[in-house]
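Listed next: structures, encoded as structure tokens.
There are two complexes below, and they share subunit A, which is joined by subunit B in the first and by subunit C in the second.
Our next item is the complex of A and B:
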């Protein structure tokens, strides 16, 4: 039971990075990103390939984070002045594009077989691998949390919020909105990549089918429950979503009347229904 | 020879894409949001057809019934969920459609599993006309799609209700002032979109096979087609479908076939960057 709890906490932490990243883009700056899983995947694969090649844990994490950030900045720079709805389509399309590349380029990342044998960081003396990993994840998440809090409170955060409220005003005081939007996308994507690195390390095996749109929807739901804004609320709601979804994964041992595929399908149906319910509550008529 | 094979295959792809793309385009034009659940209505329509075929209905009857039922489901979801966020901007319906996408796709997965299934149709000898090889199923798909598209086009153009739909698309406030009831228009558009998407899914499944990812796999080409066609324009969607179909088939000369969807994504991004109003300027 305690093992299950640790697993849920680790998953909550991993999705916490991704959700904190989405919160910078969407919650703070108002840029919708339906393809956060793309940057998650870039981080996961970069980390997996590097650490299998013998690169030390911290360096592999740093490179994975940076490369995801570069991808994020590139997406933002290629889509300047794109309307909200078009940005939604492009980001969703981009995430599927990334998945297709990973699926088809066997030389790069093993194609459909994925990458196996991704190492974990060394365990702390006297502690198990799972517990050690939880501690490392928690430390990294604390750092990411401190970092996003700083962004929220510092001038850059105020500018990003101002872009969300009225881009014209920001431009009129001489700030280049595109540069700030690019920064927001870069930071958000980098955090997703950081989460991806931990994801690959924890599971030790990754394959393209793990990076479908449901991961993006996971974190969208979490940020939405957290009312798009504060990092604290985002982290708490991510923990809630992870507990609900990863928690139901554990039901597999107790529920025998549905098979694995059916249970997986049921969990994703519940996620879809939950997203619908959250949106209905959050945007019900008469709410500002 | 190779050229003729690719041409037929491009036209069949275009025919299959044009109906669901028209559905996306109609919803976008009238309700102004991209509906990511449309590809899942394709999947649902195909699986409902399979279900009905199991009751020894002929394929055409099963397909028609399934398409109507899918249209009704689309209408019901609109009335129970989307209706309540009509005035809340573009984001809420987008998020709702994402949620709906997950629900529908996994409903099918829950019911029928992950495997590939086939409609009960026998393989038939292809026609050869002037060197073009076309199977009877492909010929039927192209014919059916042309008839349905013509029907939608004429309906929008020349009927009273079609005029109300176009008016709501162009200027909702003015349409209301002139006595159009927008909710009736929205309802009809959603039913039509569900119906068109289902027919698209059924014909796609006849050409390929049934799979829970049937619709999801064509999401990007569909949005490329709908946007390239100028959102809200059914004729535009059909023309754009032919163009994207030709591009992606003839790309096979230089790219592996697994990259068809990726290519559609590049087309989509280019169109959004260079000419977001689409090829055919819609009349709004």
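Our next item is the complex of A and C:
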């Protein structure tokens, strides 16, 4: 049981990076990004290819994070006038673009075959591979959390919030909104890429079909439940989504009248219902 | 989502606390659901059925689960291996590698299974195999991708589905039997396409044939008029479509609507009864090549009797055999230890022993001290050094007026 919990915590932690990243873009700056999985994929593939080529773990993670950030900044810079729904469409399109390139360009990363045998970092002495990986993930997540908290509290965070509320006001006081929006995208994408690096390292096998839009949607659900605000709420709601998705698997042993086939459908229904219920409670009209 | 809603960040402190508390407690409840109440009977042997109960493999996963349960009943009715009952824990891999890994973790760590069987999508098998090998358990899969062979070389992983290479060779052998000389290929961009087509090309050229064109397409594509016209411009004797159900239907319809006629050969896993119904006259003359079963074997007949004899249970027969193989291997090894099972699986299926066709027969022979050779519902089941089916049988059937009828067999296709 404890090993299984460790595995689920690692998955929740990995999605925690991605959700923290989305929270900077969407929660803090108000930029809707439906394509967060693109940066997750860039991070995962960069890490996988580098570490298979013998690059040390930390360096591969750093490069994967940076490259994802660069992609994020590029998306922001190419869409200076897009907001809300239009930005959502472009980011969704970008994520599919990344997935299709990975699928079709066989020379790049194996095409549909994916990349197998991605190494994990060395285990701590005396601890198993799983426990060690959880510790490394937790340390990195703690760092990412500390980092996003600073962003929220520093002047840059206040400017980002101001952009969310009214971009015109920000421009009128002499700040270049595009530069800030680019930074928000860069940081958010870099965090997703960091998550991607851990994802590839943990699973040891990645293929393009793991980077479909449903990843973006799960993360979006987590940020939505966390009310697009604080990093604390974002991390907790990521854990909640993971528990809803995974905890229902354990319910099967208690609810005997539901078989595996029905449960498959039921699990996603439970998540959907929970999401609707939470949004209804959280976003009542007339609330401040 | 409106802009006003998006902007809501500040909210009353009490409600924030309440909300966070709700999050934490929900997460905790999810996490703390302890070991299952049905678990922890030492006399039981626990096996994990990790199958695609939803997603692209959904229909096959459900057939496999039903078949595994038929085998489970027979095994437990005969007293079980080593006189212990088998408990089957079913998990859904959603035809998705990541979900498959989480489900496999649950089977291994929570249910403490001795073996996992039934992974169908190749990506799931590739992702789950390292977990099984790390823990020294056993994985029996139903995936065809050729690169799985590399993973199987490390031991503890076997498969009952013929390697995709063998499918490619089967098309070539059938074409050679029929005297066809020119072939064209339309392939979905997924792992099995390239390996199948390479194998088809190699064997077909050995038999004096020639591939005139090979066109690939992507999953989301819905119109195929150009692709169909392109492959048919060389007037091939047959066209092989390497894909899944939706694209296969679309291609058949595109060919039908443009009035072009040719023979299409497709793998059985890309076609269901629904496809044949939906495609209507466009499916007429379609040739299906399916992983063979031993239709005359007592094992297959018992399975078909239980599940209804109106259908062809290729993956079901494999899942049935997987259960029986695991049970017999446990009896032969006198243990549920993965290392011993790895060896025992080869012993009870290899040639030279007393032929048995059910768990009850096998267990009786083993207790008399004989060597056994299990010939199952899906075939004679002899594994080669890499854990692959050494000689695969295939069945060819043709669609006529919305019905499928067998028209031929391709026997003992080898690497």
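The definition used in the following text is that the second predicted complex is superposed on the first by the 245 of 288 C-alpha atoms of A that agree within 3 Å, B and C clash if a C-alpha of one lies under 4 Å from a C-alpha of the other, contacts with A are read in each partner's own complex, and residues count from 1 in each chain.
In this section, a contact is a pair of C-beta atoms (placed from the backbone, for glycine too) under 8 Å apart; a residue touches a chain by one contact, two chains touch by 3 or more.
Computed from a predicted structure; not experimentally measured.
Once the two complexes are overlaid on the shared chain, A:113 sits against subunit C while remaining clear of subunit B. When the two complexes are overlaid on their common chain A, residue A:273 makes contact with subunit B while staying clear of subunit C. When the shared chain is aligned, subunit C comes close enough to touch A:237, but subunit B does not. With both structures placed on the common chain, the touch criterion links A:84 to subunit B and to subunit C.
When the shared chain is aligned, subunit B and subunit C each come close enough to touch A:265.
The larger set of touched subunit A residues comes from C, when the choice is between subunit B and subunit C.
After overlaying the two complexes on the shared chain, residue contacts for A:56 are found with neither subunit B nor subunit C. After overlaying the two complexes on the shared chain, residue contacts for A:7 are found with subunit C alone; subunit B is out of touch. By the touch criterion stated above, A:205 is placed in contact with subunit C alone, subunit B being left untouched. In the superposition on chain A, A:104 makes contact with both subunit B and subunit C. Taken together, the two structures place residues 84, 100, 103-104, 261, 264-265, 282-283 of subunit A in contact with subunit B in one case and with subunit C in the other. In the complex of the two chains, the subunit C residues touching subunit A come out as 3, 5-12, 16, 19-20, 23-24, 26-27, 29-31, 33-39, 51, 53-54, 62, 65, 90-92, 94, 96-98, 101-103, 105-106, 108-110, 123, 126-127, 130, 134, 147, 151, 189-191, 193, 218.
For subunit A in complex with subunit B, the residues that touch the partner chain are 32, 34, 78-79, 82-86, 88-90, 92-94, 96-97, 100-101, 103-104, 213-214, 217, 220, 224, 261-262, 264-266, 268-269, 271-276, 279-280, 282-285. In the complex of the two chains, the subunit B residues touching subunit A come out as 32-34, 36, 81, 84-85, 87-88, 90-92, 94-96, 98-103, 105-107, 109-110, 113-114, 219-220, 223, 227, 256, 258-259, 261-262, 265, 268-269, 272-273, 276. Chain contact summary for the complex, subunit A toward subunit C: residues 1-5, 7-8, 11, 27, 30, 84, 100, 103-104, 111-114, 116, 129, 161, 164-165, 203-205, 207, 209-210, 225, 227-229, 232-233, 236-237, 239-240, 242-244, 246-247, 249-251, 253-254, 259-261, 263-265, 282-283, 287-288.
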